[in-house]
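One chain, subunit A, links the two complexes that follow: it is found with subunit B in the first and with subunit C in the second.
Now for the complex of A and B:
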């Protein structure tokens, strides 16, 4: 709730413009924050009132667009849905850096090119069966529930840039795209199961995951990419029987779900 | 001269309308389609829509004998339908307070089921009925359950689905490119000037057809549900290029924005049975809409809230809020159907809606007005229906007008998708029928370059002004003087205030003088846009001496069909001010004649 009780906070921002700076450096800004001031509110105030050159991405302000993932005190998060008060250290300071492992475009703005390339690589679109019904395909509540994690992903990159495997090389498909792959693999309407499971079983795929769980800690939507990767590994092992089961399921996709 | 890029079709904006248009044009055989977006396409504000997308699918109905507000069940096979496109049409017309064009509304409601099934066939994950059909809930002003949903993040799943399809069809996206200017000469659209945000380079993009799907203009208010990107760039750029703007005075205030923040708490909260209570704990909607209660249309609910607040019956520190109470719904239902809004209330106000009511207030939400266009999304040059050759608009930036004076919830996702698809089909036909790539004279990017240079320069007289402060002052003016309730005196004050801010803006400058990812310059340009169209909103509202839908005047409290059953058209004149003219509304007097609007 809005409050008049404010206190001074120090916002420590990593600055870097590759056109003029040899290397990144930190700059500190002091401002008064209230109990409900978000980290994004603080950055907006810094930019609007103190230094217009401070550069960051943002848009929706409520954790659905995925623009504002950054590294705050060493942890990846969205800055729009976290309050400054929760992240201040004992001295009243918070340190904001761009997402790690990714090229910096300017200040807190990173280059997500490799992230989107991996997203494209898993062919994120549905490959529907040949027989399209006049109305909707029928899906059970359980089948929909199995897609919940993957469908809620906002593609912010917090998991990707927290992943040490990504840190070692950008050929890894990555937690975001593997999670997206489960959205298609687990969907009874998808007909490219075989191809998808082959792709994710390759040397850049699900088996590269070291199961360190950084992606789970980083996800601002409380999703579980590691579990999705485990699921993909399991399905890859029994690929042929899973593909057969999918073909069988698709024969009844136009029929009412029976209980 | 700038670098020149050419496309058959160039779409500006990558939300539902723009992406549907691009994907459809690609599918219709136009290979050369480009999409410009100032954000990455998946950051578009369509993704923030929560509660549902309308279509009379007849999947659910109230359990027999429980009345209109009873629990919903799936309609067993063979049982009678409860819904129809005719009913959807009537609800939309009544919701629009008869300002919606009925010929276009008819297209919207008749094609609605088809676009829903197309989304489903593309892999969109919808919530389901027990027998596996798309789940439907109630929404305000709809007389049957026809809000098709995916929990409370429907816009998110629709946006991701259509983006995937556009990629599949080879659409070329220019991610983080900003449209600076629209090139129209002799009433023919020839392309746009675009800024590659990362490099700071300007490009001239020539195209046979240009479409705007740039979204709404809600950022002109302090309390708003809109993303920071929703600065009405499309309306301002088109208006500056000589295109008229239609019905700009109609801006929807959503009844449930988080208190002090404006962030959207979905109408699905009430669709699933949530109550609104004033400071006395009373469900006050019984005094305003005894039949539909909390599920009256948004304009009516927001006015009711504002009336309670102004009577001193609000809640919260400054008594400017109202309680949204869902504590009787139970944890299971909330976790299954309203997981996102629960998170939002927890994160931003520290309230768990399972156990406590949450404070909300009306929040600027949807722009009914915008760039006038016909049912094929061709932009209108005037009130007679002549079009600007090669220029199209769909989605919130456009005014077709399906939403009239007040949009019903769930009709926006429908309208953006469906008219985006129609724009794609219309543009593909335009190209295949032999559209030309018209020449551009002179250096078309000169004005854009001058604008950027201006903001980076030092003022000739006096101190530089911060554009961010001017924007903040404008938002306060619009909230206080051009909000839920309006009157002549407050609107006149608002107009004077805006003109004063426009004057001050001449000295607005940026601190960031670099070329690379300079969103300081973008912020200044966006503020310029806010100041431009806010004047049009206020002048259009001043002239309209009636109350209709979301335009509610305390000095003219009645709808006036004799004098005002017409659309406002605003053209920018030589002095930079809007000249107002009026366009007739398509009303089927035999089928849906104007009647008193009661709920």
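Now for the complex of A and C:
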């Protein structure tokens, strides 16, 4: 029963078990939520006290692992850092669905295979130059700042599953991979720039983005994959000169920075 | 489906783009009919002078204007890194498109209706 500090909320969860159900359906659970109750707390309560078969992913509860990305009232978000009160509609209901455009394994759990496959296309690891310094690479503050946005990405899949182009076909590389490609391409230590820019220049790469901006709207970390995609497009156009400039820069990576 | 202003703009851009392609094909068909002689061309022109086509001309105007203005909006956002202004620019583009379609479409309709 709702008290002075709590109110009754209806949690509307999309259920689907491909082994049993022909199509997804909604099930409603009523529970009391406080001002601090997160959507994940509410789901945990539903699972713990009302229906143990409700299935969802979660891990860190601190908005850093990216496991609990779901579609709440039509918007992708992490459910661990959003309070139920923020998302209740006028009737005191919140509708929770799995991330769109991806195959459902069960209830709110989606199959991320295509997400990771596309991510691997950009070779998401640093390929260092031949001349590795004894202590450390010396990068300027500007060079480090250019990597900031992409470094903050937690790979939750919110942008990928919000992307209409991904919805039209899983061959598109996706905003997550392109944002991470920027991280590597803009990194002066990286020696696989040419290879990465070639990969993203293909028909299923950066040029397939329709500039819909859903990735920006969906990102729970307020990152800007669209701008990263635009940067990659510009670099892909001048690939040869950029790669040459990178080689020159790497000759001075061991030098002290001049302030 | 993930519905945002970005999705609405993309949907309208696609629909207007398809409409322009259809127009181009129809235009080529009409002009191409001239190869069959004056009679064939006049017959085809008779069809396109019908009230239905007059109405479709207003739809064509709407498609041209929206498609063009949305394209300019995207160029502005990309060139000046204005992704944070994407929503206000979308609504501005939509408002400009509506005004231009009304300004062009109403006289077209008045002219067309005056003929019949």
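Just so it is clear, the second predicted complex is superposed on the first by the 255 of 259 C-alpha atoms of A that agree within 3 Å, B and C clash if a C-alpha of one lies under 4 Å from a C-alpha of the other, contacts with A are read in each partner's own complex, and residues count from 1 in each chain.
Heads up, the rule we're going with is that a residue touches a chain if its C-beta (ideal position, glycine included) is under 8 Å from a C-beta of that chain, and two chains touch if they have at least 3 such contacts.
For clarity, every value in this text was computed on a predicted model and none was experimentally measured.
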Problem - Fit or clash between subunit C and subunit B when superposed on subunit A - result: fit
Handout entry: First (subunit B), second (subunit C), both or neither touched by A:47
Key = first
Practice task
Considering only the touch criterion stated at the top, classify A:199 as touching first (subunit B), second (subunit C), both, or neither.
Solution key: neither
Exercise for the section: Identify the partner contact of A:120: answer first if only subunit B is touched, second if only subunit C is, both if each is, neither if none is. Expected result: first
Handout entry: subunit A as apex of subunit B and subunit C, Cα-centre angle in degrees (nearest 10)
Key = 170
Completion exercise
Winner on subunit A touched-residue count between subunit B and subunit C: chain B
Practice task
Return first, second, both or neither, reflecting whether A:149 touches subunit B, subunit C, both chains, or no partner chain.
Solution key: neither
Fill in the blank from the handout: Rounded to whole Å, the nearest C-alpha atoms of subunit B and subunit C in the superposition sit apart by 19
Fill in the blank from the handout: Where subunit B and subunit C land on the same part of subunit A: residues none
Problem - Contacting residues of subunit B [partner subunit A, same complex] - result: 39-40, 42-45, 47-48, 57, 77, 116-117, 120-123, 125-128, 130-134, 150-151, 153, 156-157, 160-161, 164-165, 167-168, 198, 227-229, 259-261, 263-264, 316-318, 340, 343-344, 347-350, 359, 466, 468-469, 472, 510-512, 514-520, 523
Fill in the blank from the handout: In the complex, subunit C touches subunit A at residues 1-7, 9-10, 74, 77-78, 81, 83, 86
Problem - Complex contact set, residues of subunit A against subunit B - result: 1-3, 17-20, 36, 38, 47-49, 51-53, 55, 57-67, 81-82, 105-106, 109, 112, 116, 120, 123-126, 128, 132, 134-141, 144, 147-148, 151-152, 154-155, 183-184, 187, 189-190, 256-257, 259
Practice task
Provide the residue numbers of subunit A that touch subunit C in the complex, in ascending order.
Solution key: 74, 76, 100-101, 161-164, 167, 210-214, 216-218, 224, 226-227, 230
